Amino acid sequence: MCKKLKYGIYVLLNPAKGNGKWDKVIDYFLVTLITLNVFAVILETVDSFYNSYNVYFRIFEKISVYIFTVEYLLRLWACTSETKYNRPIVGRLRYFFSLGALIDLLAFAPFYMPFTRIDLRVVRILRLFRFLRVFKLGRYLNATKLISNVFKSKREELVLCLVVTLSLIIIASSFMYFAENQAQPDKYSSIPATMWWCVTTLTTVGYGDVFPITVIGKILTAFIAILGIGMFALPAGILASGFSAEFQKRKNKEINICPHCGKEIK
Amino acid sequence: MCKKLKYGIYVLLNPAKGNGKWDKVIDYFLVTLITLNVFAVILETVDSFYNSYNVYFRIFEKISVYIFTVEYLLRLWACTSETKYNRPIVGRLRYFFSLGALIDLLAFAPFYMPFTRIDLRVVRILRLFRFLRVFKLGRYLNATKLISNVFKSKREELVLCLVVTLSLIIIASSFMYFAENQAQPDKYSSIPATMWWCVTTLTTVGYGDVFPITVIGKILTAFIAILGIGMFALPAGILASGFSAEFQKRKNKEINICPHCGKEIK
Amino acid sequence: MCKKLKYGIYVLLNPAKGNGKWDKVIDYFLVTLITLNVFAVILETVDSFYNSYNVYFRIFEKISVYIFTVEYLLRLWACTSETKYNRPIVGRLRYFFSLGALIDLLAFAPFYMPFTRIDLRVVRILRLFRFLRVFKLGRYLNATKLISNVFKSKREELVLCLVVTLSLIIIASSFMYFAENQAQPDKYSSIPATMWWCVTTLTTVGYGDVFPITVIGKILTAFIAILGIGMFALPAGILASGFSAEFQKRKNKEINICPHCGKEIK
Amino acid sequence: MCKKLKYGIYVLLNPAKGNGKWDKVIDYFLVTLITLNVFAVILETVDSFYNSYNVYFRIFEKISVYIFTVEYLLRLWACTSETKYNRPIVGRLRYFFSLGALIDLLAFAPFYMPFTRIDLRVVRILRLFRFLRVFKLGRYLNATKLISNVFKSKREELVLCLVVTLSLIIIASSFMYFAENQAQPDKYSSIPATMWWCVTTLTTVGYGDVFPITVIGKILTAFIAILGIGMFALPAGILASGFSAEFQKRKNKEINICPHCGKEIK
């Protein structure tokens, strides 16, 4: 019976596994609570808000942490219902050290250690990723699958783009350092410092805190900035063809009947 | 007969419903008047213009408001010709509270209330959306339909993009706040303040009013800026595949005759 | 015989019409001279260059102007060989007032009017468009045709993009003016002045000379900047589908033999 | 036998030619050494690092240079195994003057000339291109081929984009110079100086060190910035269609069996 209860709780906390009504209610409640916590962490940093509503923030934090603790313990207890973690001790330990569970733990654990000086409230923001779980349910499932399929099928090309970009940043920064270091020793003080400039230029952010003043530096920058356009065009092109291919694949699955002979085409 | 007159006026004010000559003339006249009003609102804010041509601006405003009032009252009276609003009182009330009618009302109503201090002239700019109505007529209809079809078919993917982007802004801002707050307490004063920086960086605007100065902040920014490229590439790719699919669909509609047997393929 | 000479000169000056050797030589010579003139105009603005090589610039200008004058007069005389301008007087007048001929005239005419104070040397830069003529010859012809075909077939969609963008700039500037004018009356002094800010933000240039400081202004900017991404993604998507369609069309022209029955498919 | 040894060394240094185990080990060792050298050059420019670990940098440089020297001499000796360089003296001279070999030489040669004052350590960064060689091996080969095929097939279109962009920069800079020179003679001092502004605007970097202040200059900038969007959209569209075409080509190669008659379609 305990096993049945455990499985029931497991299903309640993992709505993707069952089709019940209550699991969805609990899921939406938890997602709402996480979202409210994220807003609380954000608003607490605004001094005027914090000073006025300090007490309410404390009460809300307390309640949230208690709920998250109960949720965490139940998850840890019930996780053995999953085949991956089905061994009582080893399975729970493996669940304990999984990334999701560690983030969950870090989100409330510091609250119980008043003497620790480390501020881990930022971890609570990371639980926002949980929010994205909502997309696995309901009508955005299709779009989520589509986008993740495209990224999977174009993984190699995108990684290659990234590596070429990083190589470009290193090479461009080295040249730029030798071009500008003499003229602006405080801004182009070293190659890593020049890399900061290179990233803001290649991504066309261009804050304007660092910019070249020598002629050779400006010519180099012109080359880098024009190459930066390629950095936008290349992944856009790769993703566009990925989406087209995925769309084609889905369409082909639909129309798999030959219009001439009526036979199925695989 | 009154009903016939009402229907005639309804058709005159809604050129998409009929094929007459006068309805188009009235439509172009109203669109021109709206456009001129928009220009008037824009030019009035330029002090040198306002001081020189104050009188003409007042006369033009008076005439425009009277015309818009007459147009509004006629529309309100004639709206019952539309099946959606065909009940005399309830229908007219529903029309009254429709978004388009409210904007129309707000565009001229404040003129009759000289004692209100609220400046609602900006609402007149919103009527510019009326201008876009022109695209529903004539040769841009096809392109308008195409673009709106693509947006409709890719709605889920685009919404997903937006949600991921907003989550990214919240998460990035939280980390950045903890990284830079100590070094620049006036610029990264709170997470919402850091969000402003995050938006200008992710969209690669980069005004340069706020930028990181710590090493950890600069490394985080490099990650965010490079992710920002994806924010451009992803919707570009989605829309590109959407346009290709829409084009394919149209083309398929044209060539629906099998070249082998001459039969139609649906 | 005079007619034959005229036609010979016409062909010499319009290499696209004939297949001779000399017409290409003359074309490359003229394109080179135009390019050198462009470089001369550019370098003359650099004070150190101008002061040192003043004399050579003057000599080069004199020679160029004489050659351009001769070229212009010959073109004007020979233009009647083209069917479009085949009437002796009316044809030459029509050629005289064609855009290309007027730019050609403005490029050298001011030289002969020493008392005019207007500096029309910038017109000489416009002749750079002549340089693009080179692409009509040789191996770039295909790519030139492809790109211009794509722009032609997607003209309506691109124009619609532009109109929506301009409407967005007007609407966003109006709201922004009412949001920021009180806080920064010198920078957001009027709606046209705010438009300058709006263009630099929507195109993600972000010089940083004007940026919002009020909370409402910053929130509006965030919306505008994120919409700005669409301004890049939409034309990219439109052009991508245009290129794909054009490519498909060309491919279909090649493979117009049915693989099943060997008959041609139109 | 010497020939066999030479061929063995040639294969060891060019893993793409053989299938042995040792050649890959040597290749990974050399790539790692090059990468570490790149990091050393980068870190040496950071003063705090250089002062603390000066001695270790010197030792590491010495060891690296000796290894690179041995590698270079072996490559020079063994290069005759390649049919391209198979003539003993002429072949080795041709190899000596090949770009790759010259970069290799410049990467270590200055070390042996202590009296030369030229700092050629930056050349060592260029060896980073060697790092990209890794992509020719293993699982990224496919993606590398795909991207390079797309660039090859769209070379003409991309070159055309670049030429149009450069022409646009020249024309826009000339007009902008005449518009802003009077108002800001120090920033828009000459057309080449204005080109710097034009590149940062067209690529939407927008550092904010130079920006127009006259009305005509701002209107011109608005045009240029909006054209700048095209500069991103055009190559993105070209590359997207290139990737789609390449994908289609590969897919067609796979399914080259007619589903109706089972015969191969070429």
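Side notes on the structure shown:
A, B, C and D are the chain letters, set down in written order, and residue numbers restart from 1 in every chain.
The definition used in the following text is that a residue touches a chain if its C-beta (ideal position, glycine included) is under 8 Å from a C-beta of that chain, and two chains touch if they have at least 3 such contacts.
Remember, predicted model here, so these are calculated numbers, not experimental data.
Identification of common neighbours of subunit A and subunit B yields C, D. The most distant chain from subunit B is D, comparing centres defined as mean Cα coordinates.
Interface note: subunit B and subunit D, two copies of one sequence, contact each other through mostly matching residue numbers (shared numbers exceed half of all numbers used).
Listed options B-D, A-B or A-C contain a single repeat of the A-D interface, assigned here to A-B, on the basis that more than half of the contact pairs agree by residue number. Subunit B and subunit C have Cα centroids separated by 31 Å.
Chain centres here are Cα averages; for subunit A and subunit C they lie 44 Å apart.
In subunit B, the residues touching two or more other chains are 204-208, 232, 236-238, 240, 244, 260. Residues 156-157, 159-160, 163-164, 167, 170-171, 173-175, 177-178, 181, 189-193, 201, 204-208, 211, 218, 221-222, 225-226, 228-230, 232-234, 236-238, 240-241, 244-245, 258, 260-261, 265 of subunit B touch subunit A in their complex. Residue ranges of subunit C in contact with subunit D, taken from their complex: 38, 41-43, 45-47, 119, 122, 125-126, 128-129, 131-132, 135, 139-140, 142-144, 146-147, 150, 162, 165, 195-196, 199-200, 203-209, 231-232, 235-240, 242-244, 246-247, 259-260. Against subunit A, in their complex, subunit C makes its touches with residues 204, 206-208, 232, 236-237, 240, 244.
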